[in-house]
Amino acid sequence: MIELENVSKTYGGHAALSNVSLKVERGDMAFITGPSGAGKTTLFKLLYLAEKPDEGTITIAGCNAADLKSSSIPLVRRNIGVVFQDFKLLNNKTVYDNIALTLRIRGFMEREIKERVHSVLKMVNLRHKVDNYPLTLSGGEQQRITIARSIVGEPTVMLADEPTGNLDEENEKEIMRIFKQINTKGTTILIATHNRALYKNTARKVFFLEGGILKGEEE
Amino acid sequence: MFSLRLALQSVIKEKWMSLLSMLSIGVMLFILVSVAVIVYNVEKLTARLPERLTVMVILKDGVTSEENKAVLAAIKAEPTVKVVTFVSKEKALDELRRSLKKDDFILKGFADNPLFDSFDVKIKSEGVRVDDVKRLIQKIKSMKAVDDVEYGEALMDSVYALKSGLRALGLSIGIVFVCSVTFICYTTVKILFYRHKEEIEVYKLLGATRWFVRAPFFIEGSIIGILGGVMGSGMLMGFYYYFLRKLVADIPMFTFMSIPVQFMYLLPAVGMLLGLGGSVLALGRLKY
Amino acid sequence: MFSLRLALQSVIKEKWMSLLSMLSIGVMLFILVSVAVIVYNVEKLTARLPERLTVMVILKDGVTSEENKAVLAAIKAEPTVKVVTFVSKEKALDELRRSLKKDDFILKGFADNPLFDSFDVKIKSEGVRVDDVKRLIQKIKSMKAVDDVEYGEALMDSVYALKSGLRALGLSIGIVFVCSVTFICYTTVKILFYRHKEEIEVYKLLGATRWFVRAPFFIEGSIIGILGGVMGSGMLMGFYYYFLRKLVADIPMFTFMSIPVQFMYLLPAVGMLLGLGGSVLALGRLKY
Amino acid sequence: MIELENVSKTYGGHAALSNVSLKVERGDMAFITGPSGAGKTTLFKLLYLAEKPDEGTITIAGCNAADLKSSSIPLVRRNIGVVFQDFKLLNNKTVYDNIALTLRIRGFMEREIKERVHSVLKMVNLRHKVDNYPLTLSGGEQQRITIARSIVGEPTVMLADEPTGNLDEENEKEIMRIFKQINTKGTTILIATHNRALYKNTARKVFFLEGGILKGEEE
């Protein structure tokens, strides 16, 4: 599902990633970890096609990133759900409109949008907040909305960069529970974090990155 | 459509800015068209100037009818000449009398006809340049039987100078104004773009196509351009009805002024194009 | 100063945008001044119109010298009249002869003087309105010894209509252009503001005073306004030297046209004010 | 140094802070903690005068926030150093210029600026990065630059909102070490965090906030 082969990325002479190869199978839930500046966010930018690698090949959601015309980037992104530490919700839109946006962009009919939005809100347990504005919600709630937004389009892959970086332990647990649930339904998930607590007790694949170099992996 | 709705919402939300940019565009287009109208009218007025120009060839007193015929033939042979008419001094007096109307008593006292025999030479309407006319006149002047040649030299020269000056002026104003209007659309759309920057970031992450992101801005720029053009047309009409018509009524000299109606329909279209152009510039390549 | 340096850096970095906005401002100020010049010239031209207007009072044939004196006295008594001169028909003929110059042979044939006795009435130069002149003329016309009164009624009316029309046009164009120029400065500075939004956020957190944050933008807006004004002045000078002077040389009718030099100095100042105004609007209240 | 009395703040009907009173003495180092949405960031916004309280009085760095004319807000802020989770460094300026900005705003001479910048860079151990641009530094290094920037103006109070939220454990420790060092030199410090590790082993004052209500404090 996600495969990197000898990928390198340099920013103005400074190597953010050097010769990284890794593979995440369909249906897996994997973690990338490493100290700050290790290159986790850079790796994610390559994966959701916001940047191009200097070298190496990237395969995600069945597409080879190198062969991609820039006009088909949006179409690939529709198969990738993204979640960030800082939520990136639109504060002038209600929760409903924030989630519906994913589907409106794809040209869905209002009726189907309504159905789908309500079903994902149920999944993250926030059906009662459908008409709230993001800023009236707690950080944990906002992150759950972000997750709802990213799964409403039924992506095959989910990328989460420090999804619990802004959250306390309780919310952290709740978010991880939701991720596991989504993963059980068949979505491949890759989570970047420097928080050991997130992957400590799971028997999942963990990649260790440091200074742009893949130092090891662990099942 | 979703894009159209977004664009309209944005125009309404930023109504002051939109209105001001429309107004600016409108007034610039109006001025642009005014200059075009002036150029157009001067062109129209002067296009047939050589044709209108009648060159009066005054013959010397006591020219024989043979000499007369020779001059006539020579003038007729010129390629720039359309018609040559002989005007005897009796006919000239008649005409003068008619043009004086009731004041013709002035002429009553004359014992003798004080006028001269002459030729009225009419120049061809097409393909004749001012220089050709000058050359012709020089030639006629040098004929032996000819006393003098009268024509509106000063007028013709100055009108042509005015014409070329106006053309240059019109062209430079045109270029500058097209740039300015595009620039105003550019800045307006750019500001809207910055206001929605976060939103656009999110759109891109969620897989919106480039077209989906840009369409509202293009539509918005076009709307502003169109409405600016409509305002310009409105100003033009206002100017026409409240100013020019009055002016023409008061000073008949300006009767020739006319505003081609097509401009009214053209302005919104031009505005739209420039608005669209400005939006395209404002959004640039739009990286993913 | 730090602010000035920042402003200059920004103008240089965004040179295309700055240049385009200067150009737009320049051309708008140029048009604005052109309109002002036209209005100014027409005002100048017409200010002394009643004074220049000579009303010719034509007396009936065979009026006695007593009646003559009565009319003279009556006209002289009018408050709007400056000078009244009696022109006998002999004098009138002399004048006509002189004005015909070498063509005066036309008059030779006359046995009798065909002209009339008349009064030349000159109107006062100050505080006289067109209506007053009309009333005066009506009054003179009704006198028994007076045959007819001749004066440039049509001309005067149309010039006055033109004048008031031009004033209204000039004023509305003036208002719209002032808005537009301010708006262009507004949008330009606003775009610069958005480009530096993050920076401003940090400045505020570090304890920069409002003045410190805004000064570069104010300076920038002013620079753009000033340079726009300079461009406008340049265009005005170019227009004057390459177009108007030629025009005047060719068509002496336009000799009256003059461009007050003060405009050249005024434009950059006006540009600066409008630029500053636009910047102030663009930055708004600037919350802490 | 920092004192809140019965402070309330409502956002569109939703109370972010209700009737909060707390006090931090001069030279103290205190923590505010609580789950996400507790109102920590809101409290900080009130403290650095970005928002006004609906009710109650706030005293900071010797000023009563209520009596303050808006034109003197910048002058008070010069006595308050702020540090955020997302650094807020200017990426188009070098480390030197980023730190110098604090002093340039105050109208210092270039010579004194140079001296001071080098001395704070030494304190955070980043003298060799003086000409780097922020993006070429790791997150931990960037946060140390932010701290350097906030102390170069010698504030009497420092406010840090989740200063280690983006950082791994190693960097976290390093940052906390620097804070302690600054505190030893006499600067009052208030740190908001939901990371227990940050205050667990220190015998400092900790305020517990939840749902905008102060639930308790601990020495």
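Note that the chains take the letters A, B, C and D in the order they are written out, and that residue 1 is the start of every chain.
One rule holds for everything that comes next: a residue touches a chain if its C-beta (ideal position, glycine included) is under 8 Å from a C-beta of that chain, and two chains touch if they have at least 3 such contacts.
Just so it is clear, the structure is predicted and the values come from calculations on it, not from any experiment.
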item: Where subunit B and subunit C overlap in contact partners, by chain label; value: none
item: Intercentroid distance (Cα basis), subunit C paired with subunit A, Å; value: 68
item: Rounded Å distance, subunit A centre to subunit B centre (Cα mean); value: 63
item: Touching two or more other chains - residue numbers and ranges from subunit C; value: none
item: Multi-partner residues of subunit D (at least 2 other chains); value: none
item: Chain contact graph, described as a line, ring, star, complete graph or other shape; value: ring
item: Chain pairs in mutual contact under the definition given at the outset; value: A-B, A-D, B-C, C-D
item: Parts of subunit D lying in touch with subunit A, wherever the complex brings them together; value: 11-12, 14, 34-37, 85-86, 135-141, 162, 165-171, 194, 196
item: Subunit B-touching residues of subunit A, taken from the complex the two chains share; value: 48-50, 70-71, 73-78, 80, 82, 88-90, 101-102, 104-106, 149, 153
item: Touch list for subunit B against partner subunit C, complex; value: 17, 20-21, 23-24, 27-28, 31, 105-106, 108-112, 114, 154, 157-158, 161-162, 165, 168-169, 173, 176-177, 179-180, 183-184, 186-188, 190-191, 194-195, 197, 239, 242-243, 246-247, 250-251
item: Contact set on subunit B toward subunit A in their complex; value: 2, 198-199, 201-210, 212, 288
